[in-house]
Structures are given as structure tokens and as C-alpha cells.
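One structure below.
Letters A, B, C and D name the chains as they come in the text, with residue numbers starting at 1 for each one.
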Amino acid sequence: MTDLSSGMPDIIRIAHTIFTVTDLAASRAFYVDLLGLNVLYEEPDALYLRGVEDREWTLKLELAPQAGVRHIAYRVRADADLERMAALAEREGLPYRWETERDRPRMLRMQDPFGVPVAFFRESVTHPWLLQDYHLHRGPGLQRVDHVNVMTPEVGKMRDWYAKELGFRTSEYTEDDEGRIWAAWVQRRGGVHDLAMTNGTGPRLHHWAYWMPDAMSIIRTCDILAGARQPERIERGPGRHGISNAFFLYVRDPDGHRIELYTSDYITVDPDFEPIRWHLNDPRRQTLWGAKTPRSWFEEGSSLEAFEGGWVQAKEGELKGIPVHVI
Amino acid sequence: MTDLSSGMPDIIRIAHTIFTVTDLAASRAFYVDLLGLNVLYEEPDALYLRGVEDREWTLKLELAPQAGVRHIAYRVRADADLERMAALAEREGLPYRWETERDRPRMLRMQDPFGVPVAFFRESVTHPWLLQDYHLHRGPGLQRVDHVNVMTPEVGKMRDWYAKELGFRTSEYTEDDEGRIWAAWVQRRGGVHDLAMTNGTGPRLHHWAYWMPDAMSIIRTCDILAGARQPERIERGPGRHGISNAFFLYVRDPDGHRIELYTSDYITVDPDFEPIRWHLNDPRRQTLWGAKTPRSWFEEGSSLEAFEGGWVQAKEGELKGIPVHVI
Amino acid sequence: MTDLSSGMPDIIRIAHTIFTVTDLAASRAFYVDLLGLNVLYEEPDALYLRGVEDREWTLKLELAPQAGVRHIAYRVRADADLERMAALAEREGLPYRWETERDRPRMLRMQDPFGVPVAFFRESVTHPWLLQDYHLHRGPGLQRVDHVNVMTPEVGKMRDWYAKELGFRTSEYTEDDEGRIWAAWVQRRGGVHDLAMTNGTGPRLHHWAYWMPDAMSIIRTCDILAGARQPERIERGPGRHGISNAFFLYVRDPDGHRIELYTSDYITVDPDFEPIRWHLNDPRRQTLWGAKTPRSWFEEGSSLEAFEGGWVQAKEGELKGIPVHVI
Amino acid sequence: MTDLSSGMPDIIRIAHTIFTVTDLAASRAFYVDLLGLNVLYEEPDALYLRGVEDREWTLKLELAPQAGVRHIAYRVRADADLERMAALAEREGLPYRWETERDRPRMLRMQDPFGVPVAFFRESVTHPWLLQDYHLHRGPGLQRVDHVNVMTPEVGKMRDWYAKELGFRTSEYTEDDEGRIWAAWVQRRGGVHDLAMTNGTGPRLHHWAYWMPDAMSIIRTCDILAGARQPERIERGPGRHGISNAFFLYVRDPDGHRIELYTSDYITVDPDFEPIRWHLNDPRRQTLWGAKTPRSWFEEGSSLEAFEGGWVQAKEGELKGIPVHVI
């Protein structure tokens, strides 16, 4: 008889996040009316949103007294992979429990060794996508969930753990002269990343990202936010990342949660794909064009829910300072 | 004392048209919900529409038993130019009268020597544009009126008359080996054309055109029409015209009126700009990429209102046949 | 001791093809000067080409008396997968042999049960990519190999074999009322397809496809071919496929080999991704916008090299006729 | 007998500028190899460049010991307009002389009342354009000269003089609470501007601008400069101007001359077009998206050649300070 909990869990991809927000109407105006996310379900205190290619909700907004992130969730290949995750949690003494969410009947909620609330599920109710219902697209037409970015003072260790225990492969990373890892982009899906880790006071959420159909739809996002007299929602970009080669834009929602719109990276399916190393002080790393990054982008992030409720206490690490190219 | 009616009228640009339509709700669904034209006024039997840059209505739809075109209108520089137009009509025995339209208190309605119902006005109520209200743009974001295209069996004569009497300058034209003009693009505004004339049974309206912000917004139009399960509204394109160098798309409204979406031509303000000649059978003329044109595009057009009511009887001319590049 | 040849081979992705061409200079002018493929190696009788993201050559052109296709090649995960392929060939009595190509020291060349010459390799010399060397991109900037499309009168059987023996998963397919499969799109990489099979006299190559950075780069391809007075190289498009949702263009090289430029499809990594079924006569299937397809696109293809030399004799199948939407 | 020198000169449009540069090879690498301007003539110490739509050279680079601007030139409608300019210079005591340039047999070179070296010509040798020779376009495909921007401490007076004496019409302007004009955009051609004046130590050239086919070609410019490891050439943008609504990018050449790439503004041909007023401190004015502007953009400019040789001494004015949105 096979031990279903042995072996490495097979994680397919990043899947969803749940944000708490303090004013659901304001959040709706931002995510639905301006960014054009599609509403799958609307409850008195919650909204379930998705991009036009998403067959399931990928962002849930929950009304709460404080803005934060309940968890970030990954999809696994088989039910056995959930058992493997639970066995891993047992083995490492990581807190975990079984939960449900709408359309997700069985979800393993745990805390990773770095304090990040993560969840895993196999089964999800799917819905017809809107990909070819172009007449129903609104605003910039956010297409599908792409990745999550987490701030942590332990990037090196976190990358190693996700590689060793969960099979995440590194596509790019930032290193200083002493060989310390400041940031890492790791993937399961064959793209540049499902998960990025960047150095900073943490654990906190840095951003949640949607894939866009093209660069022009990202530029349209800027125009729409400016048209709505909310240019302050635009934090950084548009620009071309050196890392990932993607065309990007960072916007902040009414509670300060950061969303990245992202397009046009590359594929990483080859087994011999060699991770790309960037030096910490390379000005082309963050923006290929050399543009400076606002300080807020390095310093601000969303609180993460603690396993027993309340919020994880973010801590500073030993790697201090931010890169030279800051406004 | 100056004779206000002497001299050539100074026509600024093409300005508006009025279509009669047989189902106003169907037309509204097409022009407003899918193409995204903005509604300035909505009356029980009429809609006044504009693009996001237009400061005034540029397309009026009127409910009527038969689909057709009431007139096409140009804006003139001064009130004296209207007097000059009236004097021209008197001189040439062209029927004319003074009319009003909503936001256009004084409009000279006449019939040109080729049977086309044209109107001229100086004064118009203007409205704040929506150019930078990007959050209010819908669908492909039609930007501003660009030109009109009329089918006539008398292209050569018509071009000459518009040049001599109204100062229209030719930017491009199509000619056969015998020096007969099959089509001409003429302008007042410094672009490629305010008015095009193409050989065919006429006079009829061939199409009414809006300027688009870029080629991608034209491609989005195709996607939106396809998403709405109305691909049959797409008649020709998208493609790049040889003539004008513009990126284009032709769509047909529920009554068959043809609309062109058009972008990226060139300027013609130099006095020594030499009209570009295309040979009738050059395959790069209609679509630089050599794509074939559907037969309907050559054969179908909208009826024009006769001066005394009813519809102008379109006639065949001596130039028969359509170019070789037809589906 | 493990039997390295047991189990299903793990194929990573489509990798390269080798075309024979009858005029290498003419082919170079097309692929390098107009399309902008990058030359990795230039030999007296051969060119090794790649897109800007490709780390290895993905299209080899060989001078030969007749135009055709030597083989299409896939990359496998491990050396053991090559043994598994050889074992499969033995088991099924498929002809195979070991070959080498420049930068590919060990390649298994075989004939699949449908007469298609295929090759498999694990090891390849890789080269620094040009993805971020934007100043070196030329023309439309073809980015990376995306897929191959093969014509066969046995689509249903071929799809089943590739699924059962090689683990290709179906993303979309075309079916008639009697449940007969006319075309199938199958993948290993998590995109829409590495391999497509379409009904027709075969086996022949229908096309070889490159991923493009965006729709505008595809439009630029049309402009460049038209600028070079070669509009006849454009066979079909640009347009939006119903199947795959991709924006596409088909061009023909000087020997008639068909190349597709392709962008903006979707991901298929979820295990429960349900293949999308299209009815044979759905006009939105081939082009979402309803555009008609030229007859040549259905009827013409490239000859495939037979295992013992010479060319595979293409045969008609029982499914006759082509879809209704043809020019 | 008509006095040819009476009346207002009829200026058609901005036409060319002549930059002195200190390293012609470095300038060539920037303008030709990276930006893709077309070389009409190459002399030992000079290059004559143009965009793909330009029928004549629009930027001349001259090797000289110091970088600066010899003059900026406008095209006039008729020879009589040159006489009118000369008469104006006589009347106002402005220094002037007749000069020639390659392809410009007769050019009136004068100094305007604000110290700006300007030239006027009617006749120019024209060349076949490259607009539809897309296979010959290089890099981002700069299309045609669009406008010039001059820094002056006397914006209000300068705008009034250009309006009164030369018929320039204001499309947009920046004003403070005391009604002082900080910047003005004025036009002859029916677009947003041929000439802009911005407050600052002057007279100096702020920038010389080319029209681009679309926003994506501007983004490609950034990628190309980054690819060539010259991100420092990118000074500001890409972004959307509030003023003019144009999508823009500012780059600096090897001598520091500033070039703007610009697209997608609007037309201003209507006689009742009402100039758009922006308040000095409106953050959407410079970049609709609220992006900050680097200090160098406000402070640096190119020296202008004095009428008698040497360089005009730039002076500070009474309007001090730069807007709040600065990096």
C-alpha cells in the first residue's frame, strides 16, 4: 500500500489570495470599475474576483477592520499532494489546519517556516472564462493571476526551503558581492515565477500580480487611473524589468495593497535553464531602462495574517539598505 | 463696402453626418455599446454621438422608415463663408436652403453638382471633450471624425469641382492607363483627406470614418465584435492601406451603413506636396499587404437624401469593373 | 536495477526543425533580412537560425535540390527518455537511428506511426540569448519557437497515439457532427500546443511557428513584407484565432514553407483543464473575426523526408472537403 | 502694384534645426544606429537626417568645438512671406541676413526679439519618403519632425509676439494664480504645437521633437537604448502628457541635446478652439499619470548661436522655481 504522504508535493501554480479591506465599496470601485476585474460572487462582506482568462476566483476581498492578507494559495496536482503537504507540516512542526473557501471545498492552510500564511488546494469549482468575450472586458482587461511577491529578511533561506521541500526552481536572483541573496524569482509553472521573495522587513506581502495581454493594456491602465483623477494609485512604472524582461506597472489599492500588472516575460521549461544572476547594484536590474524606484516600493507592504489570528509581526533582517536607484 | 459673398469659401474640415436608421435600439447597441461612441443627446427618435476628442456631435442617427444619409456637413471658418457658399449655389443653380440642427443654429443645406447632399455651418455648440477622461472611454475608444467617402461615377469631374470651387487639395488618386481618375482623396485640414471619392454607382455614401488612437484599438474593435458574436459586422480589414498609409477597418452597422476606423496617416500641409498617383491595378494600393477586398465593399453603399425629399437615384457611370484584387 | 527504457518518455517541448531549401540566399533574405531571425552559424550549405529568446538554433535551413522537411525535433528531460523513445520504437516496429546535428551531439531520429519524421534530443549547446539585446533585434523580432503543425488524414488516431505513448494533452479540437476529429492541438509545455494536427493530404508539414512579443510586431511583419514589395509572402491574416485565442499571421518562404507568427494565447497547466471543442463549421473557429481563409492554406504543405531518404508519399484520407469559410 | 512685404508672413510649420556636436561618430551612433533616423547626406563634418515621413532633412548635425544650436527653421508658404519676414525684421530692428543651406537655396536667418536664432525658407529640395519602405525602417522608426521647445524667461511676451506678428495660435498654456504665463504651446499647422515656450534660464533650446507612429515605438526606443547599455540616455518618460495628451519620451544625445519622441495628440483646426489652461501646480499637467520629472529636465538646455557668432548669453528671469513634481 502506497504511503500517499511520501514524496514531494506537486504544486501546479500560484492560485489565489485573500485581501482584507476596510471599505469594500472603495475597493470595488478600484478593482472592478477601474482595473476591470470580473465579479464572480458578491456577498455583503466579500467580493470574489478574477481576470478574463481565470476560470476561478483569484482575488477575494473581505471587509475587515484592518487591511491585510489572509493567505496566499497554490494549486496542487492531486489530493495526495495535500496529504504530502500536511506530512511536511507535521515533520517540520509547522502549524496547519483544513479549511474551506467558496468554490474550494478542501484547502490546507498552514504557515511556512518564514511566517507566510499559505494554503493549498486541489479541487476548485471552475467557471466559463471570459477570454473571448471581449465585449465584456472592461478597462485594461486584466487577464490571469501571474505571481505573488513576498518581502522577507530571509530570502536565501526561504528560497532554499521552497526549492528543497516544494520543488520551486529559480529563474533569476539578486546577489551582492558577498554572495548574499537579496531577491529570488522561483517557479513551478514554466514561466519566470509563481513566487518572488525580496529582501525587507517581513514577512509581508509585497504585491500580487496579474498577467496582461500586452504593454498597451498596461499603458491604458495608467490613462484610466489618471482619467479618474487617481494618479496617486500609480506607484511605479510603467517600465521594463531587467529581471524577467516583463513590461510592468505597480498600482496601490485604496488600502495600500500593491498590485502588479505584468506581461511579456519568457519560458523556463528547459531542465538546464540556468538561473540568471543580477548584481545588487546593477541599475538595469529593476528597470531595464534605468528608471528610479520610489522609496515606498522598497519599504511598504501588506500585513500577513498570523496562524492563530491577528497579524504576523514583521521583522527587520541583517541585510540593510535598499539599492542605489531610488527616487 | 466688401461683398461678403465674393471669394472662395474657407472650409475648415469635415464635420458631421446624419444617418437615418430603421431600428434605433439596434443602432445604439452597435454604435454606443460596441464601438463606444459617446451619447451627447438622446431623443425619442434620434441619437447625437461623438468620439472622445470631438467637442460636438459628429454622427446623428435618426429613426426613419428607410436607412440613408440626410447629408454630410463641413465646418467653415466664418459666417461670410456661408454667404459665399450660397452665392456659389446661386451662381451654379444648385438647390439650397437654410436649416438648423441641434447645436447648429445656422446651416446651409445644398446639393452639390454630383447629387451629394452637403451642408455647411460655422457655429456649433461645443461640449467638454472626453479625451483625457480615459475612465469613461468604452470599447475601442473612437477618437474623432476623420473623413467621408462618397461613391460617384464622376470622380474626375467631382474632384475638379471641389478643387476649383472649394479649394480641396488632392493628396492621392487612382488612375488607369488612359488617365481616367477612379478615385481621389482630397483635403482641407492638412491631413490625407476630409473627402474621398471612389468610382461606382452613385452618388451614394461609401463610408464615414473615425480616427482611432492606434492600430491596437482597431484590433480591439474586431475582438469586441467577435466577442459579441457579430463577426459579420466586420467587412474588410484590419489592414494597412497603400493609399494614405493608414491602418484601417471597415464595419457595417445594422442598416448596412459602412464605418471606417482609421489611424496613422501623414500630414499634407506643405504647399508643394505632390499628389501621389496609384495605378488602378496596383495590388498594394488598397491594402499595402496585398489582401483582397470583398466584392460588397465595391458594390454597396448608403442612399443619399434628395434635396426635395426621397432618395437620390444612383446611376452607373462609364467606368465599369472593379479592381482585380477582389475576393 | 532500474530499466531506463520503461515508462513514458518525458518530452519537454517542441525544439527545432530542419527545412531543405533550393536557394539559400533567397531564404536568408527572407528569414534573416525580413523576418529578423538571428544567425547562429552560417555554413556554405546551411544556416542555423533562432529567435531572440531562443538559446539554441530552432530552424536549420539546408540547401538541397528539393524543398522539404528533414524532421521536427522535440527536447526530452533526461537521457533515459531517449532510451524510452528507442524502446517505444522497437516495441512498435518504428524505424529509428541515432544521429547528430550541430550543437546536438545525440539525437534519436525516428518515424512516427503516421509517417512523420521526428527526432528527440536531451543535450544541446546553448548560447546567450538576445532577449534583452533590443538594439540587435531586427525586423519584427521573432521571439521563440512555439509549435509545429502537421497535416494528416488520420488526426484522430494520431492524437490518440501522441496522448497515450508520449503524454501529449489536448487543449482544443475540431469535431464534426459524427464525432470525427478534424484537427487537434496538443501540448507538453503548459501552453496551448507544441504540436497541432490538421486534416488533409498527409503527412506533410503545415507550418512552423514562432512566438511574437505582441500583436503590433506581427503587424510590423506585414508592413515590412509589403515595404519589400513581397506582399505575396503574406498568405493569411493577421487575425485572431478562435482556437487558441492567439493573434496570428501566416507567411510563405521562397520555397513555400509556411511560417506562423503567433502571440497571446493562454496557459493550460491545470490538470483539470478541459479541452475546448469547436464544431467544424463554426466560423469563429479559424478566425474569431469570421475572416475567410485562402484555399492554399488548406491545400498546400511541405513534403516530409522519408526515413530511408526521399520524400514521404502524402495520401488523402476519408475526411474530404474543407470548412465553409474559404476565399 | 502690391507691396509684397506687407501683411503677416504665412508660416506653414516647423521645419528643421541644426545642432553642433563635438563627436560626429558618437552622434551618428545615437541618431542613426539607435534612433533610426535616415541619412540623406553625409559630409566629412556634417550629417543631414530625417524621419521616415520627412521628404527633406529635418536635423543637421555639424561637427564643432562646442555643442549648441545654430538655428531653428520654419517653412513659409511663398517667397513673398520671406520678404514679409525681412520687412518685419527691419521694422523691429531685428538682425537678419540671407543664407543658404544644402537643399535650401534661400533662407532668411534672423534673431527674434527674445534672442532665439530662427530661419525661414520657402523652397526645399524634396526626396522620396521612406514612409512605406517599412523594410528600410530601423529602430523605433522616427516618423517626422513635430515641434521645437524653447526655454525663455519671457514666455508671456514671447507668446504674444509670435501670436501678433506671426499668427501662432495658442493651444495650451500654464498659468499661476497671478496670471503669469509659465509655458505656452503655439501652432501654425493645426496640431497642438509647432513651437513651445517654457519658463527658464534662456533663451536656450529645451528640445527638438519627432512624431512617432505609436506608443509602442516609443517603448521600443527605451528597450533599444537599454539593450545598447545606454539607459542614461533616457531622461524622462515614457508617459502621457497632461498638456497635449501626447505619449512621450525624452532622450539626451551624446552632447546633451534633448530629443522628444511624441505621438497621439489632437487637432486644433477649428477657429473657435479655446486654449486649454493648466494651473502651474496641477500634477497631471506634465505627466497625466502624476509621475515626477527629473530636475535636469527643468534646468538643462542647449546653447543657441548668437547672430554675430558665439553663443547667446542665457539669462534668468523673474519667475523662479520649478513645479512641485520633481524627483
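Annotations
Here, contacts are C-beta pairs under 8 Å (C-beta built on N, C-alpha and C of every residue); 3 or more make two chains touch, one makes a residue touch a chain.
Here the structure is a predicted model, which means the values were calculated and not measured.
Taking each chain's centre as the mean of its CA atoms, A is the chain most distant from subunit B.
The pair with more inter-chain C-beta contacts, choosing from A-B and B-C, is B-C. A separation of 49 Å divides the Cα centre of subunit A from that of subunit B.
Chain centres here are Cα averages; for subunit B and subunit D they lie 34 Å apart.
Computed from the mean C-alpha positions, the centre of subunit B lies at a distance of 44 Å from the centre of subunit C.
Of all residues in subunit C, those touching 2 or more other chains are 132, 214-216, 223, 225-226, 242, 288, listed in ascending order.
Touching subunit A in their complex are the following residues of subunit B: 33-34, 132-137, 139, 214, 216, 220, 223-228. The touching residues of subunit B, counted against subunit D in their complex, run 12-13, 53, 55, 75, 77-78, 126, 131-132, 144, 189-191, 213-216, 242, 245, 264, 266-267, 269-272, 288. The touching residues of subunit A, counted against subunit D in their complex, run 215-216, 219, 222-223, 225-226, 229, 231-232, 234, 238-240, 242, 247, 283-284, 288-292, 327.
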